[in-house]
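Two complexes come next, and they have one chain in common, chain A, joined by chain B in the first and chain C in the second.
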Partner chain A sequence: MNGSLANAMRSDWFGPLLVTIIAVVIVGSFNPSFLSPLNIQVLLLAIAVNGLIAFSQMLIIAIGQMNLSVGAIGGLCAIVFAGMMDVWHVPAPLAALSALSIGVICGIINGVLIARTGISAFVITLATLSVYKGINLGITHAQPFYNIAESVKSVGQGAIFGVVPWLMLPTMAVGLVLWFMLNRQPIGRFILAVGGNQHAAELSGISIENTVVTAHALSGFLAALAGLLLVARLQMGQPTIGDDWLILSFAAPVIGGAILAGGHVSVPATLLGVVIVAIITQALVLFDIDPFLVQVVLGAMILAAVGANRFRESRLSRKLKRL
Partner chain B sequence: MSYPDLPAKGPSGDIVGKPRRNTAATRFYLTNEFGLIALIVLFALAFQFATDGFFSPFNLFSLGRIAAVNIMIGLAMMVVVITGGLNLAVGAIGVCAAMTCGYLIEVVGLPWPIAILSAVALGAMLGFINGWTSVRTGLHSFIITLATMSIFFGVMIFLTRAESYRALPPVFAAFGRMKLLGIFSPLLLVSLMAALFLGYLYNLTAVGREMLAAGAKPEAAEMSGINVGRIFIYCHMLSGALAACAALMLVARNGAAIPSMAGQLGQDWLLIAFLGPVLGGTLLTGGKASVLGTCLGAFLVTMLTSGLLLLQLGDFWIQSFLGLLLLAAVLMDKTRRTFLARRNMA
Partner chain C sequence: MSNYLRRVLAIGLLSAVGVGSASAAGDSKIALVPGGPHPYFAAWEQAGKDAAKDFGLAAADYKVPQKWELSQQNQLLESLLTQGYNGFLIFPGDPVGSVSTVDELVSNGAPVVGGAGCFKDPSSASFCLGTDTGNSAYIGTKELLKTLTGTKKRIAHFTGFLVDPNTQLRIDAVKKAAEEEGATVVQVIADIDAPEPAEEKINAYLAAHANDVDGIITSAWVPAVVASNAVRKIGDKRIKMVAIDHDEVVLKAIKDGFVNGTMLQNPYGQGYIGTFVLDKLRSGCTVKTDAPFKKNALTDKFIDSGTAYVAADKVDTYVDAMRDTTKKLFETFQATYLTCK
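== the complex of A and B ==
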């Protein structure tokens, strides 16, 4: 019993879970309406979309890179989805499928460029960010698409038992699949191995190129899915979707203990990171604190989280040295 | 900036035959600077034939005004890139400085020279925060400046309530509108001065050489007695100050200090900030600065943007085009380096 508790305390998700519980108790006791069904539904809606954004970045952090184009891919796929329904009257499932495949293609382009050329992921994804965003603006001329299929609108508004939004389902499914993949599947282990030590991974027979391209393709898929969910939630295809994802996509995995050098990420802890960000954002609204301060809080949370990770890391390495 | 000292770098000077001179010439043709000058001339001629009035005084003037700011933004990024780090917060720092300048003039009522100096000092201070945090925690400046970009911009929006300062003294707008010889904007002179200062710093001063050494190999620099942490903090402060200058030039161009002038969180400056140094041949891994290349790169980007706008190819596609340009630039740079390495010329 003692051992398992100590194990739990050392795991990635323990700290974020503790923070989540404390935050819920504090915010809930100061403002009981925080735990009302309506508020929980709002909270879950935010978590559904932001969770996918965070997973999309988390996979790239896992291979020790970064993907600045998460928001641009999500935005492009969102307007492709909405635009196909609005302009060409394509049925919703077909439009969703095309949008998702465009997300995968965008991810593959990122992955191939990075793996083949060996140029840093930062520069490549900064360039493709601009390309994808430019295509988005070229298609939309910065005008939203309003005529979304009714089925999409009802999925966006619907909730199971009036509390859990339908949009939560894809995110939960993705979370489970990702956890299974990273912990139990060869490709997931390859991704973590490449992030942990690329050279060692290559020597043990892992194809770096395939792994990097797969991670980026998955990242593109998740970003696209987040874009689709946002279209369903907003009930229209906004060309500005994705503009403000960058900070958030890094905040949640980092709060969840992800190491930016790669090789170490945690699906449940990242999801808890998303929950923490959502609770704090919501609390700022409930306590009538200026919404402009959300940016400051997000930035401060990233700094605090990387600081804490750094501290944990150095303590761990000292412990290992003593052994 | 790398060309003038190339001949001196060669092996001991006794075999000064024809082959070596050829290599030096080939080397010059293979530098980014030469490539950029060729591209600038080429595109200038192309635009002259394809559009009406590319060389009209009005267009040259507006080109110079935009290029001046872009060059400054590129330099602000370059000074941090040589440390092997980066500064995502250039846009946020710039907007903070511009809004401070507007506040000091409009609300506090300080005379404008003092307000400008304080704004630049604030930029340097925010840069110091970036540098100090990244040096003390040992974390990569990417994640630090990602966080501070959000913090700086958030505090600025919170304090200003997203309102602009529009009642600036006429000297600002006058400076932005002033024309030298009918076509040159004095803003270009400001960028030129900054570039000359950086060229002097990196080529002729000890601290500049230390910056390059610390960026190229921090461990080796530390061993040879350079305080690498302090040097990196200097680089970040310089970057902040240059970002503040760029924003103040933008204020002169717009005649107002506007919180959204660098987009959400200052992200709109990021692409242009990297395009200049990358096109100019600054190594993202650190240790090599090309001031002239950065200026030429930023100028080329500005010229291409303006030419494409004149061609009326659809201004919404410009951003895609700039992204492709960055991709092409890094790919070409990669091929060039492989070529040089194969011929043992690098």
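== the complex of A and C ==
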């Protein structure tokens, strides 16, 4: 029992889980309606979309890079999905498939440009962010697409047992697949190896170019999926979808113990990072924080969550050294 | 707004004033530049096209910065100047921060009018043509409070970007109207003029506090849309709501009885009249020093482009309300505000 607990304490997800439990207890005790079924549903809806956004960035962090165009890809795919249904009356599954394909293509473009040119991912994705967002605005002229298929709307509004939104299912499935891929599949190990030490990975026979392109393609796919889920949730294709994703996409993996230099990420801890950010965001609304101070408090609380996790990790590593 | 309605509006305006293109400068190339991408400004695009056609301008193009960032807007404006645009209708990215760029444009011979939002005085902008946002929020709150029958009258206010100079004016106006009617503004949720934060925060608020609030006033486009969907979702018609603008979601929610009404603004009129005036200024007209400008917190040269409350009984004819407002303003605009030789 002690051994299992010690193992759990050493894992990346233990700290974020502890912070999550403490946050739920504190917010729930001050405001009991926080734990009402409707509020849990609202919380899960936020987690469903934000989880995919965080996973999209997490994969790129795993290879030691960053993707500034996550939001632009998600936004572009969202308006393609909504626009195809609205303008061309394309059936929802076909529109979704097209939008997801565009997400993958955007990711591949990022990956190929980074791998072939040797220019840093920061610069390349900064440029493609502008390109993808520009295409979005060129298509929409900043006008939303409204005529979304009823099936998409019902998925966005539906909930299992009235509590768990349908939109949680793809996020949970993606989480499981990513965990399996990163821990049990060669491509997952390649991604972590390239992030950990690119030179050593290359000497081991891993194709850096293929790995980088694959990671970016998967990242593009996940950003596109997040965009699709958001269209279902909002019941419209807003051109501004994705504009606010950047901070969250980094905050959740970092809270989850990801190393920005690459080589180490955790799927469950990243998801818990998303949960923490969602709880903080909700708490600021429930406690009626002055709107002009919301950003300050949000930033401070994210820092506190990251700090708590880092404190736990450093104490643990000191303990292990003493042993 | 459909193309047909836009044409009707434009033809109506032209016939109302009998304006030809005789005095228009054929080389006028006007840019209509919002602070960033936002559905409110979409009507500016058609308004610019209609005005260019009606007044014989070289162009009147809608140009959108990719993000709501002052630096991006400033770069776009400077770029447009070098591309030959010689008149600008601008929603300020920042009422103070944009002034130096406006001065630069005007010093290069391109007149500037503030559209939908104002520059902080002193600036080289000719005037500001926009919604009296404080008045609109004030009237909307009063309309909301008329529908509340209980004694407590607790209202929540959902509003837009904190960097938008209009947001504080709206917050103050809602508070003032509430105090006058003995109501309480129980919460202000701001900075939610984007879909994701609006969805998350409004739904979280209603999930926790639906029983603690009797009415909702929204004073920005996206919060109005999201709140309309939210009250429809919880299906509680006890909570009364007054929205803003004319998004399809809002209009449908009014028809279905989930939202009581909306405060219309006049983005088409701002774009159309703004373009017309910029051409006139280029043609040698000047702004009258004794024109009956209004004042607001930012400028002493403010012109109200009009606002109107539309409830379920008028929701199908809301375009008429916008047309009437624009027509009235346009009929007398030149005589009231300009001196032309």
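Definition applied: the second predicted complex is superposed on the first by the 291 of 323 C-alpha atoms of A that agree within 3 Å, B and C clash if a C-alpha of one lies under 4 Å from a C-alpha of the other, contacts with A are read in each partner's own complex, and residues count from 1 in each chain.
Going forward, contacts are C-beta pairs under 8 Å (C-beta built on N, C-alpha and C of every residue); 3 or more make two chains touch, one makes a residue touch a chain.
Just so it is clear, the model here is predicted, and its values are computed rather than measured.
After overlaying the two complexes on the shared chain, residue contacts for A:T281 are found with chain C alone; chain B is out of touch.
Judged by the touch definition given at the top, the superposed model places A:S154 against neither chain B nor chain C. When the shared chain is aligned, no partner comes close enough to touch A:S29: not chain B, not chain C.
Of the two partner chains, both chain B and chain C are touched by A:D244.
In the superposed model, A:L303 makes contact with chain B only, not with chain C. By the touch criterion defined above, A:I119 reaches chain B but does not reach chain C.
With both structures placed on the common chain, the touch criterion links A:S130 to chain B and to chain C.
Within the superposed three-chain model, A:N39 lies in touch with chain C and out of touch with chain B [touch as defined at top].
Looking at the shared chain after the overlay, A:P144 reaches chain C, while chain B stays out of its contact range. In the superposition on chain A, the residues of chain A contacted by chain B and by chain C overlap at 130, 133-134, 137, 141-142, 243-244, 292, 294-295.
Chain A makes touch with chain C in their complex at residues 31, 33-34, 36, 38-39, 41-43, 45-46, 49, 130, 133-134, 137, 141-144, 146, 157, 230, 233-236, 238-241, 243-245, 278, 281-282, 285-286, 288, 291-292, 294-295.
On the chain B side of its complex with chain A, the touching residues are 86, 133, 137-140, 142-144, 146-151, 153-155, 157-158, 161-162, 264-265, 267, 270-271, 274, 278, 284, 314, 316-324, 326-327, 330-331, 334. Partner chain A is touched in their complex by these residues of chain C: 34, 37-39, 41-42, 45, 62, 64, 66-67, 162, 186-191, 194-197, 199-201, 203-205, 207-209, 222, 225-226, 229, 233-234, 247-249. If you check the complex, the residues on chain A that touch chain B are 66, 113, 117-120, 122-124, 126-135, 137-138, 141-142, 243-244, 246-247, 250, 254, 260, 290, 292-300, 302-303, 306-307, 310.
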